[in-house]
Every structure is written in structure tokens, then in C-alpha cells.
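These notes concern the structure reproduced below.
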Amino acid sequence: MLQMLHVYKSYEPGHMVLHDINLSIDKGDFLFITGPSGAGKTTLLKLIFLEERVTKGQILMDGTSISNIHPSKIPHLRRRMGIVLQDFKLLLNRTVFENVALSLEILGHSKSYVRKKVMHTLREVNLSHKFKILTKRLSYGEQQKVAIARAMVNNPFLLLADEPCAYLDSHSTHEIIAIFEHINAWGTTILFATHNQKLVDTVGKKSVRLNQGRIIN
Amino acid sequence: MIHLITTGSIAFSLAILGAVLCVFLNVDDLVKKWRKEVSIVLFLEDNLNPSKIENLKTKISEMLEVDNILYISKEEALKRLKTQLENQEGILEGLETNPLPASFEIRLKPPFQNIQSIRTLVQRLKGLSAIDEVQYGEAWIERLTTGFRLIKLVALAIFGLLFMSTVFIISNTIKLAIYARQEELEIMRVVGATNLFIKTPFYIEALLQGLVGALLAISILFGIYRLFVSKVQMDSSSISFLPSDVILGIMGVGIGLGLFGSLISFRRFIRT
Amino acid sequence: MIHLITTGSIAFSLAILGAVLCVFLNVDDLVKKWRKEVSIVLFLEDNLNPSKIENLKTKISEMLEVDNILYISKEEALKRLKTQLENQEGILEGLETNPLPASFEIRLKPPFQNIQSIRTLVQRLKGLSAIDEVQYGEAWIERLTTGFRLIKLVALAIFGLLFMSTVFIISNTIKLAIYARQEELEIMRVVGATNLFIKTPFYIEALLQGLVGALLAISILFGIYRLFVSKVQMDSSSISFLPSDVILGIMGVGIGLGLFGSLISFRRFIRT
Amino acid sequence: MLQMLHVYKSYEPGHMVLHDINLSIDKGDFLFITGPSGAGKTTLLKLIFLEERVTKGQILMDGTSISNIHPSKIPHLRRRMGIVLQDFKLLLNRTVFENVALSLEILGHSKSYVRKKVMHTLREVNLSHKFKILTKRLSYGEQQKVAIARAMVNNPFLLLADEPCAYLDSHSTHEIIAIFEHINAWGTTILFATHNQKLVDTVGKKSVRLNQGRIIN
């Protein structure tokens, strides 16, 4: 479903952040991307949701290249994905509910559907009791859960999660992993970037290890 | 808070714009009134018979430039001179015959109330028979014309400066307002909102801000106008408020500025 | 970018303020010139002997209100009337004696060029012997006085509105600029920077922005002024640019506005 | 050195986020504050560096109460502390060097001292090669290290670290712990908030566990 062919990425001329990445991800995969700080995990995910463009190489989605896709098409692609960013990117002055609902509203769903679906997703991440609270009044762990809920609520075909459990205790982390496994079983492909090798070992899914921009296995 | 600032800036800018407009429109009215008083006086030869005078009057009143024409007989002229001399009427007491000529007083239609038109008209009038002399206060008209040009230039300069400033200030206020909300825009983009979805609320907001700003501006102006009229104890007929089409225009400019401001700002702040 | 916006807003606002000031100062000059032409005419009884006239002249010229006094003899008066009548001189041809009285023309010192002072002076003049009549164009002076009041009120209204707007717009622009840098301020506070340490750069910046804005405004104005003078083909003596103290004032206002704007903004945005 | 006596904190009336906290921290202590997401760890630290004020109770520092200290005295207190916040609070448009130097500049140190000290601290956290780079161009893990460097550079008497290793892999985490132990040995008191119970167990220092705003042991 998603293929990276000889992908290179540099932010500044002369300094490659990703080197010759080759990756093939099938529909329904659950893939961990591991590696130390600065390895290029976030960059790899950004290339997939087109926040950044590849410097060299090709990214194919369902067989067609997205490397040169027109900017106006990007929103439509992103709507079908779920994205958890390392810095959450939540609207801090809106309520938890509004943040999660945003993903559905831009798809034009009906109010009643949005309400039902958002509350259901918030219940899954144990935050339904705080749906009315302004997001800035949550602890960081709680904010991270909101970000996860927003990424899941639109039943994405692809979920990109960048360190989604960095601020969660091990109990919450395993709850989230269980949810991810559940939606993965329903067909969502998951890419999960983390520096936590132990977590990857515990969950026991496929993983790719990055180091200094290269895949090492 | 940001909404308040933007709306307030629009309101204030438009209020000034409106105030200057109001002053200039009133000055323009005054100038028009003055111009109406521009007249040409034709002194007639003595001892013309009444039908000749009637003929001449019809001929002149049919000229394109002429708005109306008034006949002033010798007796009328003497009466006028008497009032003009005020306290020195004694001077006229010794007269046996009336030395003053009869005359026509001609007022012109507005488009011809300028020095060039008057000069060509005078040339034609001088060619008529039975006309002794043509008087038209050349120096005064010339001074008035220069005055008009000056006022128009000042008006244009101030208005231009004002308009540029208004556009500059409003568009920049909106730019800053959007800048302050950049984070929000970025988040919308991450979850896949289209540009239209992101921009529409901003445009609606800008439109409303422009409208509310314009209404506020007009209210402020009207308040000042009322105060002004009551302060100088004049009836409101001598100073008029902005005509309704200018008011509509201000509202249009307000909305336009709001939208234009957002438009410029978006081009700068939204990548993709 | 934000610096540019703030500086630009200050420049534009001050330019308008300066333009309005410049227009009003020039109008004021004109008005002063007109006022100088306010005069009182005293008609004298006939057949006064020269020493009596000389006495009267000294007496009047020593009055507090009188700036200068001019004697117009009977002959002089007749000559004047002839020019005044222009083409109707014929009327005077039949005269055997000169029916016009001799007169004094009095001009007043500036502080007394108003209707009240004139009225009390006229009252006193009427009490003098050998004075036949006093004329002073009451209607005209009254109209001029009302005109002055009107112009002053308009000036005040526009200027007030303008000043308020300028303060409002500039302080808000700065407010938004600080708003956009709130994150930075918060970080400074976390690491233990004192308010002084945080604010000083902002104040210096505001001061510089105000100064640069004011200089820009004055340059814009001077450019327009030069253009204007050259366009209407006048020598620069008839329209004057802002006097240097007003220029200094504008610079002061610019700096003041910058500082004042930051001051207000900080009170709102810095908690602690 | 630091005592909390019957401290309560609520952000909104009627909802206590911290309940009757009693804590006594001695000079030279290295104390972990653990607990799940939303337990109140961040709130506890915010009370100490006076970002928030206590609702009830007393906090004593060196025997004197800081609960009612005048706002103008707060900066002077903070300058002697080191603070690592969960969201870093770095100046993203300045370089790494400038961010770390900030802590020293507000103390009025000489340029040469600042340069030497900043570079030394960056070397400790393995970031000296990136000192010239704008902070926004760093990965999150690297940004976290910058925040740690900024907190240490002024030789604080008290270091407050809120999840300082959330974005660091286990290798970097242990490097940071080692640095903390080192400065702790030189006299700096350390309060380290984390949800990572395993880390606490590995390091084997004193710890206090929060749950729903109460200390449980």
C-alpha cells in the first residue's frame, strides 16, 4: 500500500537526514519505527503525510507516486489519515470535544454522528469525563490522549503516530497499544515511531530501526 | 480581543476618512453656491426700443451656456447704485438725468461656470449689436478658479494619504491578527482541512469586522455631526451630513478593506 | 516583519496628523491676514480745521486697541469712489461740489480684532466730538467671526478624532506585535528574567520605531508639500511647511506613542 | 531546605488537584516524583517555582515561606533554580547556544564565561556540534537536551525536571541520569517528575508517588 523507493531527505544542502530508505508497507501492517533521538523518525513520517517533500526518490501510495502531488490535493490525502504529532498540535483554547470533532467536521459529517463518534473515541482513551474542558487545562499525558483520539476518530486507512506514548505511564501506554491493535485488526495500517525499544520488544510487532538516517536491521 | 482591535482600527480609520469626506463635500457645496453667483453683465446702448431688447433677451437666453437672464432698466440700475452707496447717497442728489445704462445680468449653467467657457461666451456676446460693454469680474473669477484648484489638490492629497494609510493600517492589523493565530491555521492544515475550510471563517469574520467597523465609524461621525451642528447653533440645512450613497460607499470600503486585508495576509502566511 | 508594520503604521498615522496640522496652520495664517483687514471708518464733520483733525488723530491713535490710523481727505474719498464705480464714472461728471466727507480709517491690533472689542471701541469713538458717523461693516465682521469659530471647531473635531485614532491604532498594533511574541516573553519569565530585562529591549524598540516612523512621516509630508507647491505654481512663501517646533512635536508624539503603546500592552500581557 | 506543609491546590473551585501534600526535601536530595498521567506532578513543580500559587498550606524554602512572596521577587528565586518543562519552552527561532546562554545572560555573566560554560554544558549532553543551529531545526529529543542544558548551566541550587527524558531513548536517558547524579553529588538538589516507574526502580533513589493529587506510599 505504501512504498518508499530510494528515498533521501535533506533540510539543508549537503546534509542528508534520510539516506536511501526502502520500505514496503502492506495494508493492515503494524510497523514500529525505532531509533535514537535525531535518527530521522519524525522526518520519515512527515514525508508520508507530505509536511515535507522528498529530496530524491519516490513514495508510492496505492501504487501512485505522491512525491509530486499538487498542494491542493494534500488536504484530501490527510483527511483519510490519522496523525499524532510529537507536539500534539492541539487547539489549546478549545475543548477536548472540539479538538477531536475537528477531524470529522472537515469531512462534513452530521452533528449527531460527530457527537456520537467523538464521545465513543474519548471513552476508549479514558477521557470522556473531560470532554468539556479546555485542552490547555489538561496535563500533558491527557493532551497526548486527545491527540490520539483525534487521529483515530475518522477511521483512517493509515495512522501515523510519532511517539504517541511519550507522556503516558506504562498502564496507559498498554491501553493505547491495545486500542491500536484493535483498529489495526479492523484494517487500519499503523506506523508507530518510538525510541522505546523495550515497548517494541514487548508488543512484538514488525519493526524497522533507523540510525543516523539509515535503516539498519 | 483581536477582533476588537481589528474592528476598532477599521472604525477609526473609516471615521477619519468619512470626516474628511464630509468636510470636503460641504466645502464643495459652498464652492458650488459661490460659483452660481458668477454672472456676466451686458451694458446696453441707450435708447433701444423695447422690442429690440426683447429680441436680444430671447437670443441670449437661447445660448447653450445661459441659465437665466435678467433685464435691468436704467431706473433699476440707479436704485441699485443708491443702496450700494449706502451713506453717500447725497452724491446722487444733484443729478438731473440718469447717467446709468440698462443692462442684462446673465447667470450660467454649472458646467460653464469656469473661466474658459466664460471667455468664449463673452467673445460671442461682444459681437452682438446694441451691446455697449461686457463686464464679468475677470480677476475675481480667476482667483476663485485658482482657489478651487488649490482646494481640490489639498483634498486629493489628504484623501490619498488617508486612503493609503487606512488600507495599510487595516491590512496590517489583520495580518498581525492572523499571525497571532498562525498556530491554529497550522493545526487545521495538519488534520487535512482545505484552504477553503480554513479561510472561510476568516473571510466571514473580516467581512463582519469591516461591516461593524463601518457602522461604528458612521455612528461616531453622526454623533460628532449632531454635536457640531448644535454647538455652532446652526440649522442642519447649512451643513449637511454625508449623503446616503457615500455612507453606503463607506460600508463598502469597510467590507472591502476587511476582505482585502485577509486576502493579502493569507497569501503571506499560508504556505502549501 | 512586525517591526515594519509598527513603524509603517506610526509613519502613516503621523503623516496624516501632520498633513491636517499643516492645512490648518495655513488656514490660520490666511485667517490672520483677513482679520488684519478689519477696519473702522470714522466720517468727520465738514469744515474742520487741520489742527483739530491732527488732535483727533493723535487722540485716537493713542487708544489701546488702535494699531494705525489713516486720514482720508474729501478729495481722496472722491478719487476712491471713482475707481469703485469703474465704468459708471459718468455719474460723477455732473457734480459741482464734492459731497463726500473726509474720514479716518482705523486698523486694530490683533487681540482686538473681534466683534466685542470693536463694539466697545465704536461706542467710545461715537462719543468723540467732530465725528459724524462710524462705519465698521458689522455684518461682515460677524460673518467672519462665525467663520473662525466654525473652522476652529472643524479643526478641533478632525484633529481630536485623528489623534484618538492614531493612539488607538498604534497602541493596538504594538499590542498585537507583543501578542505575537508572547511565547518569547513567557520563556524569559520562566528562566527568571526580571521585568526590566524583558521590557527594556521592547521599549528601546518602541522608541526607535516611533522615531523612525516620525521621520518617515515628515519625509512623506515634505515630499507631498514640495510636489504641491510645484504643481500649483506658487512660490513657497504663500504656503508654508510645518514650523520646526511642530516637526519636533511630531517626533515627540511618535516616540511617545511608541512608548505609550508598549506600556499599555505590557500591562495587559505580562502577568506575574 | 524545601518543605511543603498541608499543601492544597485547585485550579477551579471545588476541584482539588493536590490534596494535603506534606514533603520535606533536604539539601542534596535526589527525589523522584512519580505517578500516572494527571496525578499532579507538573502542578507540584509549578508550585515550587511559583508559576502557580498554593490554594491552602505553606511552602517553606530555607525556612521562610514563599507562599506569599511578592511577584517582583520571583525572578530572583527562579534564577537560582534550573527548570526543565514538559514542553521545553525554548526560543525556537534562536540557536541552541543562545537558548542555553539565556540563563547566564540574565545573571549578568561575562561573555567569555558564558561561552565557555555554555559549550561545556552542551558537550555534556552531546549537543556541542549543533550549537549554531536554530532550535526549531532539532528533533524533539535534541530539543529536550537543550532544555536540560539550559536548566543546568547556571549551577542551580535546585533543579526541577518535569519528564526530562520523555523523548530520549534509554541510552540518552541514562546519560542524563548520570549527569544529574554528578551535579547532585556537587550539591544540587534534584526533583525529577516522571511517569516511568521502571526508570525510578533502576536508578534506585528516593521517590514519592502521587495518585489523583495525593501522596501514596
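Per-chain numbering from 1; labels A, B, C and D assigned in written order.
Heads up, the rule we're going with is that a residue touches a chain if its C-beta (ideal position, glycine included) is under 8 Å from a C-beta of that chain, and two chains touch if they have at least 3 such contacts.
Quick caveat, the model's predicted, so the values are computed rather than measured.
S.K.: Taking the mean of the CA coordinates per chain, how far is chain A from chain C in Å?
M.R.: 69
S.K.: Can you check how far apart chain B and chain C are, centre to centre, with Cα atoms defining each centre and the answer in Å?
M.R.: Here the centre of chain C sits 23 Å away from the centre of chain B.
S.K.: How far is the middle of chain C from the middle of chain D, if each middle is the mean of its Cα atoms, in Å?
M.R.: 64
S.K.: Residues of chain C touching 2+ other chains?
M.R.: none
S.K.: Could you tell me which residues belong to chain D and also touch two or more other chains?
M.R.: In chain D, nothing touches at least two other chains.
S.K.: Determine the shape of the graph in which chains are vertices and touching pairs are edges (line, ring, star, complete, other).
M.R.: Chain contacts: single closed ring, each chain with exactly two partners.
S.K.: Dump the list of chain pairs that touch, please.
M.R.: A-B, A-D, B-C, C-D
S.K.: Can you name the residues of chain A that touch chain D in the complex?
M.R.: 11, 35-39, 42, 86-87, 137-142, 144-145, 163, 166-172, 195-198
S.K.: Over in the complex, which chain B residues touch chain A? Could you list them?
M.R.: Those residues of chain B that touch chain A are 184, 186-195, 197, 272.
S.K.: Would you mind writing out the residues of chain C in touch with chain B in their complex?
M.R.: 2, 5, 8-9, 12-13, 15-16, 19-20, 23, 43, 81, 86-88, 90-96, 99-100, 133, 135, 146, 149-150, 153-154, 157-158, 161-162, 164-165, 168-169, 172-173, 175-177, 179-180, 220, 224, 228, 231-232
S.K.: Enumerate the contact residues on chain A facing chain B in the complex.
M.R.: Listed in rising order, the residues of chain A that touch chain B are 49, 51, 71-72, 74-81, 83, 85, 89-91, 102-103, 106, 150.
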